[in-house]
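Following this line, the structures themselves.
After this come two complexes, each holding subunit A, first together with subunit B and then together with subunit C.
This part shows the complex of A and B:
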């Protein structure tokens, strides 16, 4: 019985792994036989790919780094500050976190237009930095933090920045990694924002490249897919333990 | 006097803590809340030029719109069909990963990886495999593939917090096998199961990205037309009133789902 269940589990895992694996394999078989010509075509004939690739890199790095800078103090405030209606405000963050992107895309568009940063890199990066997801996750994680370390650090320094960097950040490191990876993947995968908020072709991301896929052949698209998933695969390879332990969204 | 000083100090520490929230709150107000309030306003006026108060007319138009209804029906159908399958599958896999596999823990990678893998990079494979199938099945499978990871992370985390002693005691009482899990494991992880369900429902409103890339355009076949297409297409048509009213309706729906969930949870925790 146990062996059968174990076998079924392996089988299911194989099915779930298939799309990723098949994409990897098919990229090396552009015309039915093993060759690198797909990669050759992609790297030497498809110059829009480079622009879009670097755009994706810039957005993902900028959003991840800046978001971490914003959420650490915010989560700290939710854990340690005392003020009226704190829990109500936090609940509001949770509701906002649950909103589908499409609900916020018109508000986003209008806000960015009025600020004059529509169709710029800042217009993509800024709203993503303030996404409430990281604040919620990090605050849940901070419930297990050792407050005595913070008290001890307070005796040594008056600076909030130092306190956050030396007493808080090391204790929530795992969660920061997890959120960082999650946010990086989200920004790497974003489709709606570059599609609807950008007109300038030179600012668009790789997701748009795949969206216009009819203009390219399969022999280019499979290698492009592989190149597109490599950064994510590497991140997962290095940080999978943090990802699995750091994402406490809910206290059970 | 001394007490006064320490009180003053404590106050300033608390103020400092509150100041930490300011960047996040300011960004939220600037990029989300104020623009959302403008959209709320747009949903209540007749058009961009006259700006006459229109009451609930835009909402009634949205609800009566054929495409809005189709989109709404498809979105609900996705929730009803996929969420139970997703949750049951995630529970079974998590149980298997925690209790059956002591050695080959890496198997979990296969389930967790999809949540990070860009949809755009595997959509081609899905298109090839399901090229002949003309119903919503491929979309549903992509939803399962994409969303099982987060559920498994949450569930396995909850499962590993259960202490071995509890099982020892239950075995002494004569419980065993699958009954053990039904009677002990499931009740213990029930809060996590319900939270995973909430996350899955909320994520089902985000299936747009998968279906947009899969069907590759603004006009998918009828069975693939979800709420987000409706919004997206109104966005491209610059029909602000239709978009604003459907945005507000959807946001109320999601907020209601989340609020109901937390109300139920609070009641059961007491």
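This part shows the complex of A and C:
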């Protein structure tokens, strides 16, 4: 029974891994024969790829870093601060998290247009910073942290920044890494926001490159897909232990 | 007393190295991919067909023949005989201008020729840029690096190559 279960798990893993493996293999067989011509065409013929790649890098890293800065005090406030209607507010926060992106994109569009930052990098980064997902996850995680450390730090300082950095952040570090990876993945893969909020092609992301796949062809798309996977794979390899521990929510 | 090597940071070191190579490589390619691309292209010179003076004989209505000399658009004999007549086509995609060689069929007037040139009667227009050097190894649709003036082809100036 144990072997059968293990076999089924391996089989399931293989099914999930198959598209990635196929992409990797096909990138080296652009015309049915082993060749690097696909990579050659991508790297030396398709210059718009680089613009889009660096745009994706800028958006993903900026959103991840800034969102981590925002979610830590927000989650701390929802966990430890005492204010009226805290639970009601958090309830609405969860509802906001459940909203599909397609519902939120129009209000975002109108807001960004009125602020005059439509079709700018800030127009992509700003709405993504305040995503409720990280706050909700981190708030749940904070329920398990040692409150005595926070109380002890409060006796030493009145600075909220110091409290967050010295007493809270070290205790939720694992969860921050896990949330960071999720946020990075979400930002790296975002498609609707650059499609709708950006008109300038010099600001568009790699996902738009794949969306316009008809003008490039398979020869370039498979190698581009492999390159597209690398940043997120590297980040996962860096932080996979923290991701696994963070997801358990009961890390000691 | 035994000494154990600390191997805990090894994977992290390799990952850092890998990341550095990846992002560094992408940065390098972002900066130099277009230069590498243009350096690998066949270098050609192209000009609009020049008019050459040809002497030819015409038959008048009364049956007499008359010798005349006139200017006609002409192409070098070597090029026409090899069948490698290309004109330059321009393509602009994603703000990048590329030049492609398009093979054309031309019609020549065998009576109008001199030691070096044939007069062209059809197949190219006076505004077409005809590839005059570097056409030997070209195929239809090949991308080319267009040198602006013919004299630059012999000394291959890299700066000129990279002008897009």
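Definition applied: the second predicted complex is superposed on the first by the 245 of 252 C-alpha atoms of A that agree within 3 Å, B and C clash if a C-alpha of one lies under 4 Å from a C-alpha of the other, contacts with A are read in each partner's own complex, and residues count from 1 in each chain.
Here is the rule we use: contacts are C-beta pairs under 8 Å (C-beta built on N, C-alpha and C of every residue); 3 or more make two chains touch, one makes a residue touch a chain.
Everything numeric in this text was worked out from a predicted model, so none of it was measured.
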Fit-or-clash call for subunit B and subunit C when the two complexes are aligned on subunit A: fit
Which of subunit B and subunit C A:136 touches, first, second, both or neither: neither
Touching partner for A:210 - first (subunit B), second (subunit C), both, neither: first
Most subunit A residues touched (candidates subunit B, subunit C): B
First (subunit B), second (subunit C), both or neither touched by A:245: first
First, second, both or neither for A:234, with subunit B first and subunit C second: second
Which superposed partner A:63 touches (first subunit B, second subunit C, both, neither): neither
Where the C-alpha centre of subunit A sits as vertex, the angle toward subunit B and subunit C in the overlay (nearest 10 degrees): 120
Subunit B versus subunit C as contact partner of A:43, first or second or both or neither: second
Which of subunit B and subunit C A:201 touches, first, second, both or neither: second
Shortest CA-CA distance between subunit B and subunit C [superposed frame, angstrom]: 16
Sites on subunit A touched by subunit C in the complex: 43-45, 47-48, 50, 53-54, 57, 201, 227, 230-231, 234, 237-238
Of subunit C, residues touching subunit A in the complex: 12, 15, 18-19, 22-23, 26, 29-30, 33-34, 36-37, 40, 93-94, 96
Residue numbers on subunit B that touch subunit A, as the complex places them: 13-14, 16-21, 23-25, 27-28, 30-32, 34-36, 38-39, 93, 96-97, 100-101, 107-126, 145, 148, 150, 153-154, 156-158, 161, 189, 191-192, 195, 198-199, 202, 205-206, 208-209, 212-213, 216, 227-228, 231-232, 235-236, 240, 243-244, 247, 250-251, 254-255, 257-259, 262
Footprint of subunit B on subunit A - complex, ascending: 2, 5-6, 9-10, 12-14, 16-17, 19-20, 22-23, 26, 70-71, 73-74, 76-78, 80-83, 91, 93-96, 98-111, 126-127, 129-130, 132, 135, 154, 160, 164, 181-182, 185, 188-189, 191-192, 196, 206-207, 209-211, 213-214, 218, 221-222, 224-226, 228-229, 232-233, 235-236, 240, 243-245, 247-250, 252
